[in-house]
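Labels run A, B, C and D following the written order; every chain starts at residue 1.
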Amino acid sequence: MTKYVIIGNSTAAAGCIEGIRSVDEKGEITVISGENHFVYSRPLISYYLEEKTDLQRMKYRPDDFYEKNNCKVLYGVMATKIDKENKKVYLDNGEEISFDKLMIATGSSPFVPPFKGLDTVENKFSFMTIDDALAIEKKINKDSKVLIVGAGLIGLKCAEGLLEKVKKITVCDLADRVLSSIFDNECAKIMQAHLEEKGIEFLLGDSAEEFLGNTAKMMSGKTVEYDVLILAVGVRANILMAKEIDIKTNRGILVDTKMQTSAKNIYAAGDCTEYLDYSSNTQKVMAILPNAYLQGLNAGKNMAGEQSDFDNAIPMNSIGFFGLHAMSAGSYYDEKDGGKCYIEKGEKHIKKLFVKDGVLTGFIIIGDVSKAGIYTNLIRNKTQLSEIDFEMIKESPTLFAFSKENRGKMLGGVV
Amino acid sequence: MGIEYIYPEFEVVRNADRCIKCGVCQRQCANEVHKLDEDLNVMLSDEAKCVNCQRCVALCPTRALKIVKSDCRLRENANWSDSTIKEVYKQASSGAVLLSSMGNPNPLPVYWDRILINASQVTNPPIDPLREPMETAVFLGKKPEKIQRDENGKIKCELAPQIKLPVPIMFSAMSYGSISYNAHESLARAARELGICYNTGEGGLHKDFYEYGPNTIVQVASGRFGVHENYLNAGAAIEIKMGQGAKPGIGGHLPGAKIVGDVSKTRMIPEGSDAISPAPHHDIYSIEDLRQLVFSLKEATNYKKPIIVKVAAVHNIAAIASGIARSGADIIAIDGFRGGTGAAPTRIRDNVGIPIELALASVDQRLRDEGIRNNVSLVVGGSIRCASDVVKAIALGADACYIATSALLALGCHLCRTCQTGKCNWGIATQRPELVKRLNPDIGYQRLVNLVTAWQHEIKELMGAMGINSIEALKGNRLMLRGVNMTEKELEIFNISHAGE
Amino acid sequence: MKRVFVNEKWCLGCHLCEYNCAFANSGLDNMAKALKDKKIYPRIRIEGDENINYAVSCRHCTDPMCVKSCITGALSIEDGVITISQDKCVGCLTCILVCPYGCISQNENSVAQKCELCLKNSAGEPACVKGCPNNAIVYEER
Amino acid sequence: MKLEGEVRIPSGCAISAVISKEGNLMTGENIIKSMIPMHDRSNGLGGGFAGYGIYPDYKEYYAFHIFYNDNISRNKCESFLKDSFEIVKAENIPIKKIPEITDVPLIWRYFVAPLSSTLSRLQLDEKTYVARTVTKINNEINGAYVFSSGKNMGVFKAVGFPEDVGRFYRLDEYKGYSWTAHGRYPTNTPGWWGGAHPFALLDYSIVHNGEISSYDANRRFIEMFGYKCNLQTDTEVITYIIDYLMRRQGLTLEETANVIAAPFWSTIEKKKGFDKEKYTYLRTVFSSLLVTGPFSIVLGYEGGLMALNDRLKLRSMVVGEKDDKVYIASEEAAIRAMEPNATNIFAPAGGEPVIVKVKEGKF
C-alpha cells in the first residue's frame, strides 16, 4: 500500500487527493495542514468580508471530503523538514511521517517589505488566509479608515470586501496603475475609474515610506491617516523546505509536466511552483486557483502511478469589482514583440485580443465577458486563426466562427 | 387606392397579458405579419398579410395568439356572398384568373358523410381485432380471367405485375417542386416503413430517393418532366397522369421561381424556366393513343411494372374507366373533385368534376356489368379524410385509396390554401431553404406512419364490427352500407339501401 | 449518459428553447408570469445567422474545466451531470473564462448558471428538447 | 314481409350429413333422425335434404325438382322444358300429407336430357347449358322454381321442421350413398319453400349454417359471370362460387376450399415453395371469393362430400366415423343419433376442408 504525504491543505492538496483517488483507492494519504481549517477557498476571504459567503460555504469541498477519500488530516501541524533519502517528513510537533510519495503544496506567503516604523502600527494585517479575514473583521467599524498597500488582486479584492463596512479606503501602490500584473495602462484606467466611482481612493506611483502609528508618510510627501493597515504588496512561493534538500527551485519549485520536482518521488503543485506557461512558452509562477487544482490533480495521478501530463497551463484571471467584470488570459504581445492587438472599446468596456504567429496568445476583457471561455480555448489549443472566422469571433465569441465540421465535433462529441 | 382596398380576411388577436415578446411569431412568419416595435415595445401585426396558416399560433409559447375571421363584412346578401364580391374586386383590380390551392372548400355534398356502415349483432358475431387476425393487405394489378395449368396439372402461378399493400392506402401524387424535398423524404420514408407507396407526381424523382424505389410510384404526366429510362424502372409502378381532380382538363404551371437547384435537375429543365404541363398529353388524343402509351411504358420496363392511369372524376367517368380498363392499364386511379392541388384556377377547382363517391360507385358497377372488374384495380382519391372514408370507399368497390391532403395535414399543413405563394410556413409547399427546414422528415415520416397505422387500426375495428376479417371481403360489399339524406337517384347510383331498409 | 444535442440542420432559430429554458428554471407555473416584461436568462443560447442556427448548452464534459477551475467548489459532477450550487457561487465567473463552448452564463443575481438538464426543476425532461418544434434539440446517448 | 329474393336473408341453422366411402346405400331414415336432437336450431321456417345415388335407374338424366305455384306456371314451364330437353319422365314427387306441413305447392320431378341439336347450335357444354336453363326458369318463369337439377341426386325441401319435411317427402323410401340435411332458423322471412336448404345447382348442393359477412362482395363478383343471386341467401352465393371455381375455373375441391376459406397471409407466409406460390396466387386472383363471417357448410357432389368451416371457426361443426361411414353435423348429438358408436369425433379446424370421397366405381 503506497503511503502518500501531502504538505499543505489548500487547493493543490485537494486536487492531489482527488488525483490519487482516481487511480489508487487504497493508498494511505496523510495531509499536513498548517492552518486549523477544513480545506477552503482562499480567494473567498474578500467575499466573506463582503458577506457574499460564509465560513460553511467557503469550504472548497463537501464536509465528508476527507472521510470519503479516506485521508488522515493533521490540523495545525507544520512540516519542518524533508528527508528525501529516508523518505520522511519531520513535523513541528516532533513527530515524523514516512512516505512513498510526497506532495509539496506549501503555497505562498505574503511578502512584507521592511517598512520603516511598521512596528508602531497597531492594526496591521496581511490578506491571505481566513484567519487574516477574521482578524480584520474584528478591527473594523463604520468609521474605520483603511489603508491598503498594494493595488494588485489581493489589495483590491480586500478593498471591495471592506468598502461597505468602513468609512474610507485608500489604496496605494508603487506601480502607476491598478492590477499591474494583468492589465496594461489602458485597461487599468477603466477599472481604476470604476473603483474610484465606487469610492475608493488611489495613490498610485506612490507608496508608504514610513508608518507612524496611524499615519503613513508617503514617498510623494503626502500623508495618509488610517485605523487599519493592510499589506498586500505581493506573495512569495514557499520553497524553503525544498531548497534545503537541493530540489531545483527558481522563484518557485521547478516541476515538469508530471508535477515532479527534481527529486524522485517528490512532487509539487500550486502557488509554490514554477512551471511552463503554454501561451508564452516560458517558466512562470502562475499563482492562480484553477492551475493549483489542475496541478494537484495531475500530480496525484502521477503519484499513484498513472502517466499524466499537464502541459497547457496558462495564466488567466477572472475578477470582478462591484459588478464590473474583468477577464484576462495568456500572454500579451505588442507589435514590438511581433504581435498584434485588436482593440474594441466602449464605456466601461474594453476588449483586447493579442495575436502572434497566427494564433491567439492572450486577451483582456473588461465589461461583457460572456462566452470568454471560447477565447481561452483558442489560446489553450493554439487554434490557427486561419481555420476560423476570426473577424466574426473578434466581435463576440461564438462557435459559429468555427467550420461546420468542427462545430459538429464540438457539439456532438463530449470533451 | 381606396377602391382597391379589401379589409383583411383575418385578424390577429394577441393577448397582451400573455405575450412575452419572445418574437417567435415574428421569426416564424414568412408572410411578415408580426413585428416587434422597439419604440412602443409591443408586437404589432400587419393583418393584410396573414393567411391563417396558424404557424404563429402553434408556436407561441404562452398561447397568446389566435387568428380569427374578420367580422368586418360587406352587407349580407344571400346571392352575393362576401367572398364572391371580393373576388370581383380582385379581378377588377388585377384582370387575372384567380388562383387558389388545395381542395374545393365549397359546401358541396360530401357523400361519405351520408353513408353509414353496418355492424354485426346477434345473428353473426363481430370479430375482435385484438384477438383475431384482421387482414388488410391488398394486391393491386390485373388478375387473370382463367386459371392455367401445366402438363402435370399444377396451377401456373405467374401473375401480371402487382403492387402489394399491407393496408389499402397510398400517398398520392405530389411533385417535388410543388412540395419540398423534406416533404418528399417524409413521404418516401413513411411509405417504406409502412410497406405502401408514395407517388413522385410529375416532377421527377430526386436522386436521393431512388433508394425508396420499391415504395415509389413514378408518374408520367403531360409535361414529361424528369422522365427517363431509369426513372421509369425505378419505381414499383408507373402512373400516367391524364387528369387531376382539383383541375380536370387543366394542365399545370410551376413558376420559374420554384425551378431552382435540385428541382430543376430533377425535372430536367433549365433553372428559372416555367414548368408547363399541357392540358392534354400531346400524344394522347384518344383512347387508342392511351393504349399505345401504356404499352410503350410496359415495353420500356420489360412488362415488370403495373401501369396506373389516373383520371379526374368527370361526368362520363364510367365510360372512360371502361375504356382504360381495356387499354392494357393494370390500375385505374380516379381523383375526385375535392382533391388538392398546389395551385389551380379557382373557378376550375370549385366547379369542374364530380364527387369521387359517385364516380367510384358508377365505375365499379360499370366494370362489373361489363365483367371486367378483375382486369383492373381501382384506386380512388380526392379527399379521403379518415379511416371510415377508406372503409366506405372499399365497400363501394375500390381496391385502395390515395391520400394526399390528409398526409399533408399529418406533415403540418393547416390548409390555409395559399400554396401558390411558395411561402409555406410549415415547410411543405415551398422551396425556400429556411422554410423547407421547418419540416424535419424525422418528425414528418413518423407522423405519416402514425396516421396510416392509426387508420389501419380503425379500419380493422370497423371491419371487425362488421364481422369481416379480411379486407377482400369488404371490397364492393355495398350491403354493408346504408344511405341517409339521399334521394332515390343517389341511392340508385350508389346501389345501396336507405338506412332503415 | 444522455445529453442534449443540437442538429443545426433542423434548428429554425425560433429561440423557443431559450424561453422554455428560462421558464423551466423560473420555478413558476405560468410562462407569462415568469417571463413577461423580464430579461430572460436562458441556459441555452441560439447562435448563428439568418440561415444557420443552432442551440448551445452545457456539453456536460467528462473532463470539465469549469468544475476543475471553480474557486468555490460550487460546480461539481453528479452522476455525470455538471451541476452548480448557486448558493455557494460568488459570481467570480472563472467558469465562464474556461468553458470552451461559452455555455455558462450569469443569472439575474450575477452568479453563474448553466444547463443542469432540468434535473433540478419540475420540467421532468430538458425543457428545450421538449419544446423544440423541429426536433433540432434531442436528449440522447451518443 | 318480403320473400327470399326480395331482401337479403341471413339465418342460423342446423346441418347434418352422412356418406359411405364404400358406396353402400342408406335410406333417408337415419339422416331424418339426426335432425331430431337439433330441433331447437331450426324455427320451422325451412328444412330439407339432399340424397346422392337415389335415382340409379335414371342416372344418365338430369333430375329437375320444381315447385309450381299453380298449373299455369307449370304449363308455361313444361312447354319451355319441352323446347330445350328431351323429357323421359315427368311426375309428382310422392309425398305424405301430414298436419305439420301446410301450404304445399305443386311439386314435380322431371328426368331430362338436353337436346343435342340445341347444344351444338349454342356451342355450349351440357352442364353450362343446364345451369343456364335453370337460371332462366327461376328468373323468368313466374311461379316456377327449380330446386334440384343434378344427375342421380335430388333435393327435398319445404317450410317446416326438417324431421317433418323428411317424413313428408317419404325419404325412407329412397336409398343413397350420401345424404345431407338442413334445418333453418331464418330471421327475415315468413318462410318460402324455395328458400329452404339445401340449395343446389347441377349436382352441387350446399347445406350451410352461418351468416356470412362477405355476402355482397361475393355476390357482386360472382354476378359478373352470369350468375344471378335471386334468393339473396348465403347458400345460394356459396353454391355459385363453388360452381364457378370447380366447374368453370377447374379448381379441385381443396383449391376451392383454399379460395373460400383462404389461409391467413401470415399462414401463407410460413409455407414454402410451390405451396406458398399457389396459396398466394389463389388468394390474389380470387380475392373477392373469400368468404368471411361464420359459416359451416357441407357441399354435396357426385361421389363425395366436403365439409368446411370459416377461417375463425365461428360456427360449430363436428365429424365422426364408423366403419365405412363418415358423419358430419352441427352437433355431436346429431351424429350419435345416426350412429351411437361413432368414433374419432373431432371438430375440424377453421378453413380446413374435410373431404370424403366414395371409392371410385362405387357410385
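As a convention for this text, contacts are C-beta pairs under 8 Å (C-beta built on N, C-alpha and C of every residue); 3 or more make two chains touch, one makes a residue touch a chain.
All figures in this text were calculated on a predicted structure; none of them were measured in a lab.
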{"item": "Chain pair, B-D or B-C, that carries the greater number of C-beta contacts", "value": "B-D"}
{"item": "Centre distance in Å when subunit A and subunit D are each reduced to the mean of their C-alpha atoms", "value": "104"}
{"item": "Centre distance in Å when subunit B and subunit D are each reduced to the mean of their C-alpha atoms", "value": "47"}
{"item": "Distance from subunit C to subunit B - Cα centre to Cα centre, in angstrom", "value": "43"}
{"item": "Centre-to-centre distance between subunit D and subunit C (centres being mean Cα positions), rounded to whole Å", "value": "78"}
{"item": "Overall pattern in which the protein chains touch one another (line/ring/star/complete/other)", "value": "line"}
{"item": "Subunit C - residues contacting subunit A, complex", "value": "3, 5-6, 8, 47-49, 52, 54, 56, 59-63, 65, 68-69, 71-73, 87-88, 90-102, 104-106, 110, 142"}
{"item": "Residues on subunit B engaged by subunit C in the complex (per definition of touch)", "value": "17-20, 22-24, 27-28, 58-59, 61-62, 64, 433-434, 437-438, 440, 442-443"}
{"item": "Subunit D to subunit B touching residues, read off their complex", "value": "8, 10-12, 187, 210-221, 223-225, 249-251, 255, 262, 264-266, 274, 277-278, 280-285, 287-288, 290-294, 311-312, 314"}
{"item": "Touching residues on subunit C, where the partner in the complex is subunit B", "value": "9-10, 12-16, 19-20, 23, 31-32, 35-37, 50-51, 131, 133-136"}
{"item": "Complex interface listing, subunit B residues touching subunit D", "value": "120, 123-125, 127, 132-133, 135, 137-139, 143-144, 146-147, 149, 154-155, 157, 159, 162, 368, 371, 373-374, 397, 466-470, 472-480"}
